Structures are given as structure tokens and as C-alpha cells.
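As written, the chains take the letters A, B, C, D and E, and residue 1 is the first residue of each chain.
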Amino acid sequence: MTAHDLVFVIVGLVTAVSAILVVTSRHLMHAALYLALTLTGIGGVFLVLGAGFIALVQVVVYVGAVAVLFLFGLMLTRAPIGREALDSQNRGLGLAVAGALFVLLAALIIPAFGGESTAEVTGPTIEAIGIAIFADWVLPFEVLSMLLLAALIGAILLARREAGESGTEAEVTRIEMGEALADEPDRHEAVGTSAPAGELGAGGGR
Amino acid sequence: MSPLGPLLLAALLFSIGVYGVIARRNAVLVLMSVELMLNAVNINLVAFQNLLFPAELAVSGQMFALFIIGVAAAEVGVGLAIVFNLFRNRATVNVDDVDLMRW
Amino acid sequence: MDPNTAGWALVVALFLPLVGGGALALMPAALDQQIRRAAVLITGVSFALVIAITATFDFGRSGELQFVTDVPWIAAIDARFFLAIDGISLPLFFLTYLLTLLCAIYSLKVLPPPGKPKAFLALMLMLQTGMAGTFVAFDLILFFIFWELVLVPMFFMIGIWGGPRRDYASVKFFLYTLFGSVFMLVAFLAIYFQSGAQTWSIPELSALAPFGSTTFQTWAFLGIFLGFAIKVPMWPFHTWLPDAHTEAPTVGSVLLAGVLLKMGTYGFIRIALPILPEGATRFAPIIGVLAVIGIIYGSLCCLAQTDIKRLIAFSSVGHMGFVMLGIAAMNATGIQAALFGNLAHGIITGMLFFLAGSLHERYHTRDIATIGGGMLKLLPRYGVLLTYVAVASLGLPGLAGFWGEFTAMWAAISPGVGLADSYQGLYLALVVVAALGTVLTAGYFLWLLQRVNLGDPPERWSSGHLDDVMTIEWVSWAPLLVLILALGVYPRLVFGVQDAAVTNLVGFLGG
Amino acid sequence: MGTVLEYAWLVPVLPLVSAALIAVFGKRLPWHGSEIGIAAVGLAMLLSIAIAWQTFVTSPVEPLELAYDWAPLGGGTVLELGMLVDGLTAMMFLLVTVVSLMVHIYSREYMHGEVRFTYFYAMLSFFTFSMLLLVIANNLVQAILGWELVGLSSYLLIGFYWEDKSNQDAGNKAFLTTKFGDVGLIVGAIVLAAGMLELGSTTPFNLLELNQAAADGQLGQGTIVLGILLIFLGCMSKSGQFPLHVWLPDAMAGPTPVSALIHAATMVTAGVFLLARLFPVLAQSQTAMAVVAIVGVITLFFGGLLALVQDDIKKVLAYSTVSQLGYMIAALGVGGYTASIFHLFTHGFFKALLFLGSGSLIHAVHSNNMSDMGGLRKAMPHTFWTFVIGSLALAGFPLTAGFFSKDEILIAGDIWAGAGFATGNLVYWVGLAAAFVTSFYMARAVFLIFFGETRSHHAPHESGRWMLAPLMVLAVLSIVSGYIFSPFWTAEQNFETWTATPIIDEEATFPFADHGAEAAGSAVQGEGVLAAAPTLAAEGGELTILHGAPTWHPDLLLIVLAVFGLAVVLAWRSYGHGLPERDPTLHMGGLSTALVNKYWLDDIGYRYIVVPVRDRWSAWATWTSNVLIDGAVGGVGRATKALAVATYDVDQRVIDGGVNGVAFSAAWWSERLRRLQSGDVQRYAGALVAGVVVLVLAVALAR
Amino acid sequence: MAIDWLAIAPEVALTVTALLVLAADLALRGDAKQLVNPLAMIGTVVAIVFAVVLWAEAPRVAFEGQYVVDSFAVAFKLLFLGTLLAILAISARYFAEGRYFQGEYYFLLLTAFIGMLLMPSARDLLVLFIALETVSVPAFVMVGMRKRDLYSSEAALKFFLIGVLSAALMLFGMSMVYGFTGTTRLEGIAQALAGDAGSVPLLLGSVMLVIVGFGFKISAVPFHFWAPDTYAGSPLPVAAMLAVASKAAGFAGLLTIAFVAFEPVADVWAPVLGVLAILTMTLGNLVALQQRDLIRLLAYSSIAQAGYMLIPFGLARPGAEVVNQAAVRAVLFYLIAYAVMNVGAFAVAIGVNRRTGERSIRDYAGLGTRSPLLALAMTVFLLSLGGAPLTVGLWAKFAIIEAVAVEVTVFGLVMASFLVVNSVIAFFYYLRVIREIWFEPAAAEAPRLQPALSLSVVVVVLMVGTILLGVLPGLVADPTVVTTFATGG
């Protein structure tokens, strides 16, 4: 066990624990903060692995931007009526599926990579990365720029409030579910109340 | 250094992310879980690159990771916009309430 | 027209109705009568063309393909646009055009609700191309296209202009037939790949046959069998037929009985037997047994009917049983019989449906008990016609219905390709049972006549005025009435035309 | 060959043309079409006479066969349309056209004023045509054609008064019963033709070829027995053999002239004729002959008994026809070919006479029932004496036609017995007994009708000329027609040579019998034998074929006279003075009950065949069609459903056996599978990842 | 390093168009904004011209083997661009009347199609991933474009969540594949898989994970759940895009990755995909039976269609070139046919829905009298989807069965039987719609429909195309016979 390994174990543990807290925390803000911690931890892992540039990007983009974005997101969408349970009824399902997945992956990974080990950790240099981006990967890079532009425009589009926004955008999808739900009167009622989405929509634009 | 550690960590983070996606109610939390999954992939890529193929000229692994970070950011942006729009419409971001359409 | 070179004539005759139907669809719906007349014109012109083809057909070489058009069509799968006509195709082809023309004439006056002659006639013309194409396509793929093409217009004809249960009947018709034909398609593909000849040409494949293992032959035949047997329809695949026939509008029933069912038997003869002779030989006894069950079964069902149209529909099951018995005999006589029976059934049952349709027009009911007898007094001409056609249908010698039945039984007593050695007893039994079926057939028809024609008409009809046969009906029926007699008296009309072609075909069966 | 014979085809064609012309123009003509019918059938009769004359004087003749290819039947075989003219044909022509002409003439008056008068004449002509078509046929298919047309014609004429349900039923019954027999005929013809096909014939249905092949012993015994017995089934139904005779009395529902036509010349004779035509085939099998003989015997006896209890004069005659047909069939079964058709010939005339006579009576008293008649001999003298002649002939009174022909049959039975076949004895003795019955019921009829007091409510009157003329012609024929084959007839040509089937020669006929090789050709008869030189003679158990005029048989003459006398006396005692209070024939205990109920055959037929078929089997078939098969379609689905609900077994869901099952349980599955789409995106995610886990696991384990 | 501009000319053309559209949308005001639609169309046509030129110039290899323009790729590009043109045409009035988001919509649409154009040419995992995301991310937004509509936003959320989840799973698989092979080039991966790596369980599992990403796009069971909800909730042109173009892109990627990269382990994934094919078509058809909303019905129908298209994948075998090529061709042909008829069906749905908001099948009653053109067209499209004769749909099914018949295996026959049975089941619900259209009387208040000109043109063109290809499938089948994968750099 080298020093590298030791550092990795520590960083890894921190990361893993905080990740678990992200999905188990009972407080929205705590979860977001744990997420920031996890992301930072992952940056640490990158460092341990000798990928300084990636680690840097990780911290800048994730911790600096994404985590903050999440915080804003959480604050903007805070439920009007007090605190709610953060977990759905699907916890059991999630636990089972995620557990199975992990067991499966671990069972596959361990025999596959169990024997491999490198003495020293040397990643590619920043120079090599720079050259690669603009020589080898110029095509996806350019496409990614379009993608980001589209995401930007799209996010604005969805999030902004329209200038002339009013209740007139009433082109509402009517979905005929009467018969399908005939045997479930309670739900039928629920659908009935939520059908005039235009009104709700207008009310939502606070 | 053995790649086993990072790989297992990645698998764990990934599975945690899956759990979060399935079990968390708040859409923002679900998005966070997705980020966990994507980051797990990055750990994999970087670990492979630096531990197994450090000399690769194209630097595919690290490049892949960089691209994923970029795409993830874009997705978070779009995702939050969708969630925000949903919130404006329904005053809730609980994923399990969003079941107008089914069957 | 030179039958060796004038392939265009066949192509024109085949597609004229389709194009005409398209043109019809473009006419303004308000021109009600003009549309109907245009339909008569289109079918009339195409029928005239078919007469010309028939007239110039070289009967001396009826075994060979004439009026051939054979050009590449879909290079990717080696499919060709291969149209031709020979002695086997000609009578059925002719019948198709004749019946459609008569239906068009009939529709000048009579059209069930909701009217809409434009749509109705356009569909009918589309149907015509599909039906006719089946009989002259010599490429399996092309055949399949025409075969399937028929489903759609018939579906709409039943579904829009049909009786009270039209929804059910139309969908059942469509799905049931479709079900069979997709298996048929799979079998075609298997044949294509198994033959290794890179061709879908029916004559070429027939010449190559038999190919493939016994297992292949069996399975491929089974696939084709399903497709054709449902269309025929053979017992126990017949359940779509009574519904479809009963609910279809008169013209639909006429074409359904007159031509559509024929496609199944034609397919057996043209495709299944020569290309898969070994499979056919293995299946022949089964076909025979099913055919005979169908004869008895259909007749028994007829006895139980209270609905005149449904009765006629069930009678088709029995009659087609005789046709299939001929095929099961696997010899030249059997195939002659099957083809003759096919044609005769088309004419006779077509005519019966015309009559049933017209009765429904008059009485506004199809229920035999409600009609209640006395038609000979009330509508003497209808009564006479009904008697005539019913008697023809029950297989009276001297009328068209007899030859198919008798010859089929005669063929089945000495089946071909070695079947005689292994199944002599079975086939004898089949003949005997089939012959008993003729008694049942006579029974239900006589009973029908008794209940509809004879006796004194019930009170309820005495007040209203019921028209006897209208001119338009005479015009559209006369050819059929004449044909029923002509084919009965002079069967050579059909037997002679087919003879050489059938002999050729039996050559492929081997044994 | 003579030129007249080549025009034989005109004989059937004339009535056909007549039928068509009547149907088209009849109503506009002054006599409503009857003139066409009478003229055409008259012409046909003249031609028939010419043909008969020609064949008779030159007999035995070589059959004239003219045929052309009607249709190719595939495999090189050809169906012919043609004519076969020989003595048998000529004889039948004569019989049919004469009787038909008489009926045509007679109906002018009898049917006068009927609504469907024209239609009636068209049908009469058509009926005649059908029968002639059968007679002239040179092949079995054509014969079947004529045969079935005869059936159709009878259906159309028996149900002539179709307003009445019972008449409709009678028509249906006639058609269906005979149609049932046709099954035998058709299958039998097919079986024989298949045998011919194996011999390499290209015209397998040809009658002459068939007979020749059978006589040459080329056809297998199996084929022959099967074929001829099946054909015999057809003959049984057409010729009213027990138990398929049931349609015949009901057929009296038709107008009386039709009954005359059916019972004397057409229809019922068809069976006998066809069997005679195929006699060379029949003669190849002892079994077949025995069956034929036994059926004939049963029919002749029980048919006669039935006639005893009838009140309806037409029914008496109808059952007597059944009985006489039994004689003919029985004669064929004991080798009495000539005897059989001779009786057919003479019977045609006197039965026609009797029916037309009864028609005259019915016309006069407006009732079919003898209990409504009585004492008519004064009012209707011409009818009376013609009727008596007919009755005498039927009873076989010496020197009438019936005497010669019927005794011929008895002798044939005797000789057959002499050759060692028990059926011969049967025919002889039962035939004799039935002769008594015949005499009795005819005497009963004559006494009840013409003697005693009149019981009619109408004033009876003699019929007009149109009706009486045929009666007289037929009365003459009822006497003289027997003489062409009697001891009085010494010419070389007689009935036997006229109608001989040349194929029958000594070696080939009756291969099962012990032929006396040396005795061939010599007429070996007992001393003073009466009236018989049937086709065969037997000596010391050896069988040989004889030709030559019949000679007297005094012993038989005496027996017959005694039987006749006894019967008439007995009848006189009961019926000579009018209708008895207590009709003895109706008081014979169980026998009468059986007879009145017609042996319950109709009941059996109705209760055990018609009703089950129509009401039960057909309902069953429909039920299975609608419920089982149609429902199978749905049923597979429902069964699948039940199973699936019960077990909830996933395996059951994956592959459902039948396509129908899939199709029809689809809705059920659809309903269940639809629930997977819960609307909760996290469940979707869960399912997705679960699916991935499964897939990855599956793949990872793959290698 | 010189860039082969011709090779990426269609993409460049679309990119330029997209940026122009964005600029125009910003610059223009009021009704003038609607000019962006023709602008986008012009750009598309230009791209089509480039693609046609490329057809003759193929194969070309660019970006060091990351990007290959072969006949396969060009065929797909033409398919995408054709679909784009149709979707632009049917979108015009739909969005014009909504008055919102005009320019953004077209920009996003074009961006998504840039991703699609990249897909069949990509020969590198990274490029594939980027291409896939370029299709997805704009689509997420477009689905949610009807912002005030509950259904639309719900659809977007579901689509987004399942989309990113699938992407993550795929990425995890890709990372593992990279870890084993040391490269992201498909060729290199294939070489590695042909060697020892081909038998490592983890790698095989990873192969499956990669396939999942595409399984999501093509909505194969069990990755299909988003599809019905999303189609039903999104604006109809977007639903059409998702059902056709996006799905075709998924298939393009799946074909590339399966037959180029993972071909050496085809014996492992083929049976799995075959089973998925069976499950997909069966589930799609069965559930479609119960649908009452036409769009949901079309959604399930398109799931079923994806199942049919998966069948050829189930036939693949390592090294069996004839079989594999036949499989690829069958999928390609089916996709083209599918595009024609399904875009057509959605176009009709838009034509009916635009004014009236009708979507329930029952609301289609009497369409035959309300708009004979739309009714006739819908009938043709539905029949074609079912595989009726004289429509291209028949040949599509035919192509699949033909691929099965190239080398008959038991599994192939099983799949073919399922195809056969399923196509019969499918007719149940297609006929139900057709019956509603023709056999039922229109509701009294139902207005006559006057579809927009552009929509009518699209409908007519597609209908004619459906029938023309039904009569002469060779028009497409013959040229695509030569489509093959060119070997990358």
C-alpha cells in the first residue's frame, strides 16, 4: 500500500460518505452542501490519480458553478407548504436496484482489474491535453459548443417569464382517460381537477 | 497504484446516484443524483487514463471526462430549467406527483 | 392482338379499373348518376378489353403463358413485374371482369346506405384490380401484392356499407385473412431462399420443384396452406366468412363469393401444388378430410340458418369443400374439377347473393321466417329465378354446379401421385361422405325454397306493393343466368380451355 | 344401320324444344301450350315407333352408338355426350313416348282451367325429355344427368299445388329420397368408372365399354360388387324399392296425369331400366344379384300388402306400383333380364291406364277416396271397362299383357332355383303369394268403385273425349303388348331378341354359376311347360342361356287362375255390395296397424333422420361453428386467461400457444401491461435500471 | 491538419442555418419572425444538396477516423434531412399560431438534427456520445416548450430524467470499454474485442450498458417508459421528431456501434437484442390496443415498430458478413419506410389537432367527411404502419423477414413468428382508428377541417411516397443495397 493508495482511501471514503449523505439527507440544503463536498472529493480523487487539470476543471465547474446552481434551484423551488418528505415510496425499489447494480459491478470489476497495478501515477501533461483538444478532438469540441449554446438558449427559454405571458396560452392537451380510469373513481376525479391546466399555469407564474 | 480502488469508488458513487434518482422525491435532488452518476464515470475514465494508458497520445480518457463535465453542466442547466418551469406550473417539484400521464 | 406480343393488353385491362377508380375519386360527389355511369363505363371498357383478350387468346396453346409482360420490378429482391395469362387463369380472369361489370350496372340503381357512390365504386374498382391481378400475376411477390390489395377495399365495403354488425365483420374479415397471408409470405420467402434460383417466378420455381428437404416442404406448405385455406375458406378456418358475407353489401357479397374465395383455391393450384409437390402430397389427405368435413358441416349449418344471406354464406363453405376435394385428389381431373367448381360457384353463389340482396331491398329483412313464403305468388319472377339458381347451386346436372361436384368426386376416387396406394380407403370414404353432402345440400335448398317461395304469402306483405324484378336487375343478372345454363350444358367451355394448362401443371406434381 | 336410328337423338330433343317453347310462348297460344306438347311428343312417338320397328324387325341389332366429346376431364379422359340405340332403348322410347303422349292428351281436359296450365305442360314435356335423356345415354354421366333431371321434374310436378304445405313436403320428400339414392348412383358410377380407368379407358363412363369389360371379366369383383350395389341403391330410391319407397305414395300429391307419367313411364322405371342396362355388370356377382333379388322380393310382397288397406284409389295404385317394381327388380336378381323389362313394358301401359282411369273417376266425384265412390259403372261405362282391363292385366289374368310378363318372372325364379340358387325359390313363391294379394286389392278396388250404391255427393258423369281416348288406346295396349313375347308369337323376332343385350354370352354371364358347356343353345324345358323361355334355363344344376319363344306352362296357368279366382271371390264377398261396415283388411290385428302406419317407415325416417338432421345436427353444427370454433378463437384466450389468473405463472404469459390465443387474450394482456406505465418516472427509472442489471448479468454470464 | 470540409458539409450547413435562424429570430419582430421557418427549410435543402453530392463522393474518412462518410451514413443523413424538411413544414402553422418561442424552436430543432447527422458517421465513442447528447438536450427543451401546459412540462421532466439516466449508464459502459481497450475508436475496440478482451464478463456487461444508451433513444423495452408520456405531452411536431428522427438517430448509432465496434461479440448481444425485440414489439402492440389517445397509440405503435427493427440485430453473428449486411440493410430500409409513414401519421394528427385539440381516437369519428384528404392520408399511413400491401410498410416488414431468411435459424424463425403475429395484432388498433374515421358519423358540432397548405403538401407527398414506394420499393431498396460501413481510418 503506497502513500498514494492511502491518500486515495481517505479521499475516497470522504467522497463516498458524503455522496451517501447527498441521497439520504433530510434537509434540502444539507444535501446540496454534501453534494459540493462530494464533488470536491472527486476532484481530490482526480488529484490523487495525477490528473491535475481535470481536478481543476472539476472544482471550477462543479463546485463553483453546478453546486451553486443547485442551491439556487433549491431555493427557487421551495415548496410553499412547509417541509415535505424528501424520499418517495420508491425507496425500496431504489435500494434494491442500486444495491444489485453495485454488487454486480463490483463482482465484475474485481476479477477484471484486481491484478493490475502501476508503480507510479503519471497522467498526460496539460500540454498534451491542449494539443489533443484542438487536434484530435476538434470535431466533438465544436459540436459541444453548439450543444452548450442550445442548452443555454433552451434553459433561458424554459426559465424566463414571457413578456406577454398571460392565461391565453390555453392550447391544452386534452387526454381522454375516462374509460381507462372508470374503475378508479378517485383518480378520475383527480384528473378532472387538474385538466384545465391553463388556469393552473396562469396561477403558477407568480 | 491499483485501479481497483477508483473503480470501486466509481461503481459505488454510480449506484448511489441510481438510488438517488429512484428514491428521491425532490426533482432537484434527483438531478444531483444524476450528477453523482456522471462524476462516477469521470473517475473511471481518469483512472483508466492515468493508471493504464498514461502514454496514449489522444488522451481519450481525460478528454472524455472533460467532455462529460461540459455536457453535465449543460444538462444541469436544462434540467433545472425544466424543473423550474414545472414548479411554476404546479407549485411543486415532487417527482412522484408528476403522473398526469400514464397507461 | 397477338397473344405472343400484346402483353400491354393485359396490363391495360388490369390497371384500367384502378386508374379509373382514381379518376372516379376525383369527380365531384354531387354528380351522383354520372359517377355511377362512369363506373359502368370503366368496367365495361375493361371488360371489352378482356373479351378482346379472350377472343385473341390462342386456345390451341392454352397451356402456355400468353400476353406476357415480364420486366424487372424490384431489383433488390429479384422481384419481377410478371403478368401473363393461360388456360387456368383465363376463366377466372374473365369472371372477375364480368362480375364487376354486372355489379357496376347493378349499382346504377341499388346502393345500400349511406350511399356515397363515388367512394363505393372507387373501392370496387380497386378491388377489381386486386382480384384480377391475383389471377394473372406470375411472380410470387406480385401475386402477394394483389392478394393483399383485395383486403383493404373489401374491408371498407363491409365496414361502411355493411349490415348491422359490419364493424365486427369487417375487422374479423381483415384480420383473419391477414393472419393467413402473413404466414404465406413467410413461406414464399422460404421458397425463394430454398430454391436458390434468385427468382420469384412461379413457372421457374415450378420447373425447379421439388427442392428442399421434406421438412422444408412440409413447413413451407403449411405456411401457404394457412394463407390459402383461410381465404377459401376451409373448415375450420371458415368462421370469418358467414359474418363477412352476411354483413357485406350485395355487391360486396357477390364479389366476395364470386371472386375472392376463388383466389384461395387458385393459389393452391397455381402455387402450392406445383412448387411444393411433396408438401402437397403429404397434406393432400388432410385437405381432403377437411374439405369433406366442410361439405357436411357447411350444409348442416345451412339447415340451421334463419337468415337467407347467412344461409347462402354457409353454403359456400360446403361448395368450396368440393373444390378442395378436387385439389386433394392431386390429379388432372381433380384440378379440372376444382377450377370448374370454382368458376361455377362464383357464378351461382354470386347470383344467389344478388337475389338475396334484391330480396332484402324488397322485404327489408333477411329473415326467412319473416318473409314467410309465397314469393312465387308475390314476386313470381324472383321466385322462378331463386328456384333456378338454388337448383343450380345444389348441383343439378345440366347446370353449372354439377360438374365441379361430380368431377371432384370422380377425381378423388383415384387420387394421383401415389396417394391411391396409401389412402385408397380414405379417399373412397371421402367420396361417399361428400356424396352424402349433396343430399344435405339439396335438403337445405329445398327447404329454403319451401319457406321462401311456396305457400301463400303472409298477411304483412299483402298491403304493400313489392316490385318484381327490375330492368336493371335483368340486365345485370342475365349474363349469369345464361352462364349457369351454358356451363352446365357445355362444360367444354371451361374444361376445354383449362385442359392443356392443367396437364402442364400436373406434370409438376410428379408421381 | 338404318337411317332412322341416327335420328334417335331427336326423340329426347323434341320434348325439350317443346318444353322451352311452351314456357316461352305457351300462354299466348289458344290451347295455352298444350298443342305444342302434344305435337312434339306425338312426333317423338312416331319417331320412336319407327325406331322400334326398325330395331324389332332386324333384331337382334348391333347397338348404334354415336358420341362426341363433351368435355375433357383431365388426364386424357374424355366425357362423352352421345346416344346408344339398341332394342332396349327403342323399347323404352316406345313406352315413354306412348304413355307420355297419352298423358299429354289426357291432361288437355283433366287440367283444364288450372292456373298453371301452361307451366304444367312445359313440365310434362320436360319430364318426358329427362327420361328420354336417361334412356338414350351412352354413358353413365349422361344417364345421371337424365336421372337427376327426372328427379327435378318430379319435384316440380309433385309439388304442383305448392300452396299446400303437405304437397310441398311431398315434393321435397320425393326429391330428397331419390337424391339420397343418387348418392349411391353417383358413387357407384364413379367406382365403376375408376375401374375402367385402371383398364386404360379414356372414356371410363361409357356404358358399352363398361358392360363389355365386365363381361370379359376384366373388372375386379370388388369394383363390381361395390359399384353395382351402390348403383342399385340409386335404383332402389328411384324405383321405389323397400325401404326407399316412402316417397312414392306421397307423390300422389301431384295431379293424377303426373302420377300416371311417374308410375308408368318415367321416374320409377328409371331404376329398373338402368339396372337392366347394367345387367352384364350385375350378372358378374352372385352377391349383388342376391341382394337385388331379396330387395325385390321384400318390396313386391310388402308393397302389395300396403295396397290392401288404402282408401285413396291413387294410393292403392301407388303401392301396387311399388309391388310391381319389386317384381321387376326381383326378376333382375334371378337372371330374368328379359322377364324384367318385359314386365316393365307391359306394366307401363296398364298402370298408365289405371292411373288415368282413376283420374277420370276423381274428376267425376271430386274425391280420391273409394269410400266416396261406388256404383260408378253405370255412370261411367267407358271408364269402367278400361279400368277393369287394366285391373285384370295388373292381376295377371290370363291372356292379358300382365299375365305373360308376370309369369315370365315367376318362371325365371323357378329356373334360377333350378340352378341351385335359393333366391329363385323365394321369387317364385313370394311372387305367387303376392299375385294373390294383387288380385285381391285390385278386385277390392274395382268392387268398391264400380259396384254397390253410389256414395258420391256429386253427380258422377263420364269424362270427355280427350280423357277417354287415351284410356281406350291404353286399354288395347294393355292386352296386346303382351303378345309379342308369348306362345302366340312365333316370329323369329320377339321381345327377347329385340331387347337382348348382345354382350351377354354364355361364358361370361353368371361366372359364378355352373355352366353346362355342352347344353348351350339347346332349349331344355320340362314337358308342357307354360309360357316361359326366359333368358336362362337350368338343368341338373347347370345353367345355360336360352333363346326362343316362350311356351305354355299349364301348371302355372292353373295355379295363377286359382289364385286369381280365390282372390276375386274373397274380395266379392267383402266388397261386392258396397263399402262394408267392417273392412276386413283393416281388421287383421297387428298387420293392419303396421300397414296403416306404412310400417312406420315415414315415422322412422322423419323422427330419426329428418328431425335430428334439421333440428339437432344442424343446430349442433351451428353451435360448434359459432361457439366452439368461433369461440375457440376466443376460448383459447379465455382458457389462457383462467389459467393465468389461477397460477399467475410468468411462464404462461411469455408464449401463448395459438395465434388466436394471443390475439384474443391480447386485450387482457394489454390491460395488465398497461399498468406498468404507472406514470411515476422514478418507477420507470427503477425498471430501466433493473432491466439493465438483468441484461448485464445475462451477458456477463454468457461467456 | 486539413479538414475535409465536404465530409461535414451537411452538418456545417445546418449549423450555419441554425445560427442564422437564431440571429433572425432576434432581429425580426412580429409576423416577420415566421420567416425563420422558410429560412430553416432553405438551409435544410442546402444540406440535402450536400448530402446528395456526398453520396457520389462516399466513402470519405475525416478527423483521423473519428468521422466516416460512407453510403450508410449518407443514406441516414438523407433520411434525417428529409424528415427535418417534413417536420419544418408541419411545424410552420402549429407554432405560428402559438406565437411563442418561434426562433428558439427552430434553432433547437436544427441543433438536434446536427447531432443526428453526426450519428451515423461517428466512429468514436466520444463523438457518438456528443452526437447523442446533441440530439437529446435540445429535445428535452423542445418537449417542454409549451410552458404553461402541465402535460408538456411533465413530459419534459420524464424525458429528461430517463434521458440522463440512460446517458449515465451508457457513459459508465463506455468508460469501461475504454478501460479495456485503451481507445475510443470503434475500429480499435473491435480489434480488442476480437482478441482476449472479448471474453471478459465486465466488458461484455459494459457492451450492454453502451447499448442501453441507444435503447433509450429507440425506446426499446425496458427503456421505453418515457416514450408514451413524452409523445403525449410534447408539442406534436416535436413528438413526430422524437418518434421518427430521434429514433432513427438511435438506430443509426446502435447500428454503428453494434456492427462496427461490437461485431466480434455479436454472439453475445444478438440474442439479448433479439429478446428485447420480441418484448418490445409485443408490449408495444399489446398496450397500444388499450389506448384511447391517438398520440399515445402512435407512441406505442412506434415502440412496436422499434421492436420490429430490432429483429435484424438479433440475427447478427460475428464474422457472418452476409447476414450482418442484410441485417443492416433491413433496418435501414425499415427506418426509411417508417419515417415516411409515421411522419405522415403525425402530420395528420397535427392537421386535426391544431384547431380542435382533438386527440382521442373517438374524436376522429367522421374525419372522412370532415376532411377527406386527411382521412384518406391517415388511412394510408395506418395501413402502411400495419404492413398492408401497396404501401411501403409491407416492404418494410418484408425486408425484416428477408433478413431472417438469409440464413434461417431457430431464433430467427421465432422472431419472425412474433413479427407475424404482432403485425396482425397491430391491425386491431390501426383498424380501430380507420373504422372511427370512416364508419362512424362525425359529431354534430365537429367542424370541417382546412389543413394548412404546407401541411397538406407534406401529407400528400408522404402519402404518395407511401404508395409509390409500396408499388416500387426498388426506388429505395435498390440504391440502399450498396450501403455498407466503410472502414474507418
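A few comments on the model shown:
One rule holds in what follows: a residue touches a chain if its C-beta (ideal position, glycine included) is under 8 Å from a C-beta of that chain, and two chains touch if they have at least 3 such contacts.
The shown structure was predicted, so the numbers you read here are calculated from the model rather than taken from an experiment.
When the partners of chain D are compared with those of chain E, the chains appearing in both lists are A, B, C. Averaging Cα coordinates per chain and for the whole protein, the chain whose average falls nearest the overall one is C.
Between the chain pairs B-E and A-D, more C-beta pairs are in contact across B-E. Among the remaining chains, the Cα-based centre furthest from that of chain A is the centre of D. With centres taken as mean Cα positions, chain E sits 27 Å from chain A.
Chain A and chain B have Cα centroids separated by 5 Å.
One finds 65 Å separating the Cα centroids of chain B and chain C. Averaged C-alpha coordinates give centres for chain B and chain D that are 96 Å from one another. Residues of chain B found to touch two or more other chains are 3, 7, 14, 17-18, 21-23, 27, 30, 47, 52, 56, 58, 63, 67, 71, 74-75, 78, 81-83, 85, 88-90, 95-96, 98-103. Counting partner chains per residue, chain A shows two or more touched chains at residues 88, 90, 93-94, 97-98, 101, 104, 108-109, 113, 136-137, 140, 144, 147, 151, 154-155, 157-158, 175, 177, 180, 194, 197, 200-201, 204-205. The set of chain E residues touching two or more other chains comprises 126, 130, 133, 137, 140-141, 144, 147-151, 156-158, 161, 165, 169, 179, 201-202, 205, 228-229, 232-233, 290, 424, 428. Listed by label, the pairs of touching chains are A-B, A-D, A-E, B-D, B-E, C-D, C-E, D-E.
The touching residues of chain D, when paired with chain B in their complex, are 674-675, 677-682, 685-686, 689. Chain A contributes residues 2, 4-5, 8-9, 12, 15-16, 19-20, 22-23, 28, 31-32, 35, 38-39, 42, 45-46, 49-51, 53-54, 57-58, 61-62, 65-66, 69-70, 73-74, 76-77, 79-80, 84-91, 93-95, 97-99, 101-102, 105-106, 109-110, 113-114, 116-118, 121-124, 128-129, 132-133, 136-137, 140, 144, 147-148, 151-152, 154-159, 175, 177, 180, 191, 194, 197, 200-201, 203-206 to its touches with chain B in the complex. Across the interface of their complex, chain E is touched by residues 659, 662-663, 666-667, 669-671, 673-674, 676-677, 679, 681-685, 687-692, 695-703 of chain D. Touching chain D in their complex are the following residues of chain E: 157-158, 161-162, 165-166, 169, 198-199, 201-202, 204-205, 207-209, 212, 216, 221-223, 225-226, 228-229, 268-269, 272, 283, 285-290, 421, 424-425, 428.
Chain C meets chain E in the complex at residues 73-77, 144-149, 151-152, 155-156, 159-160, 166-167, 170-171, 174-175, 178-179, 182-183, 185-186, 189-190, 192-193.
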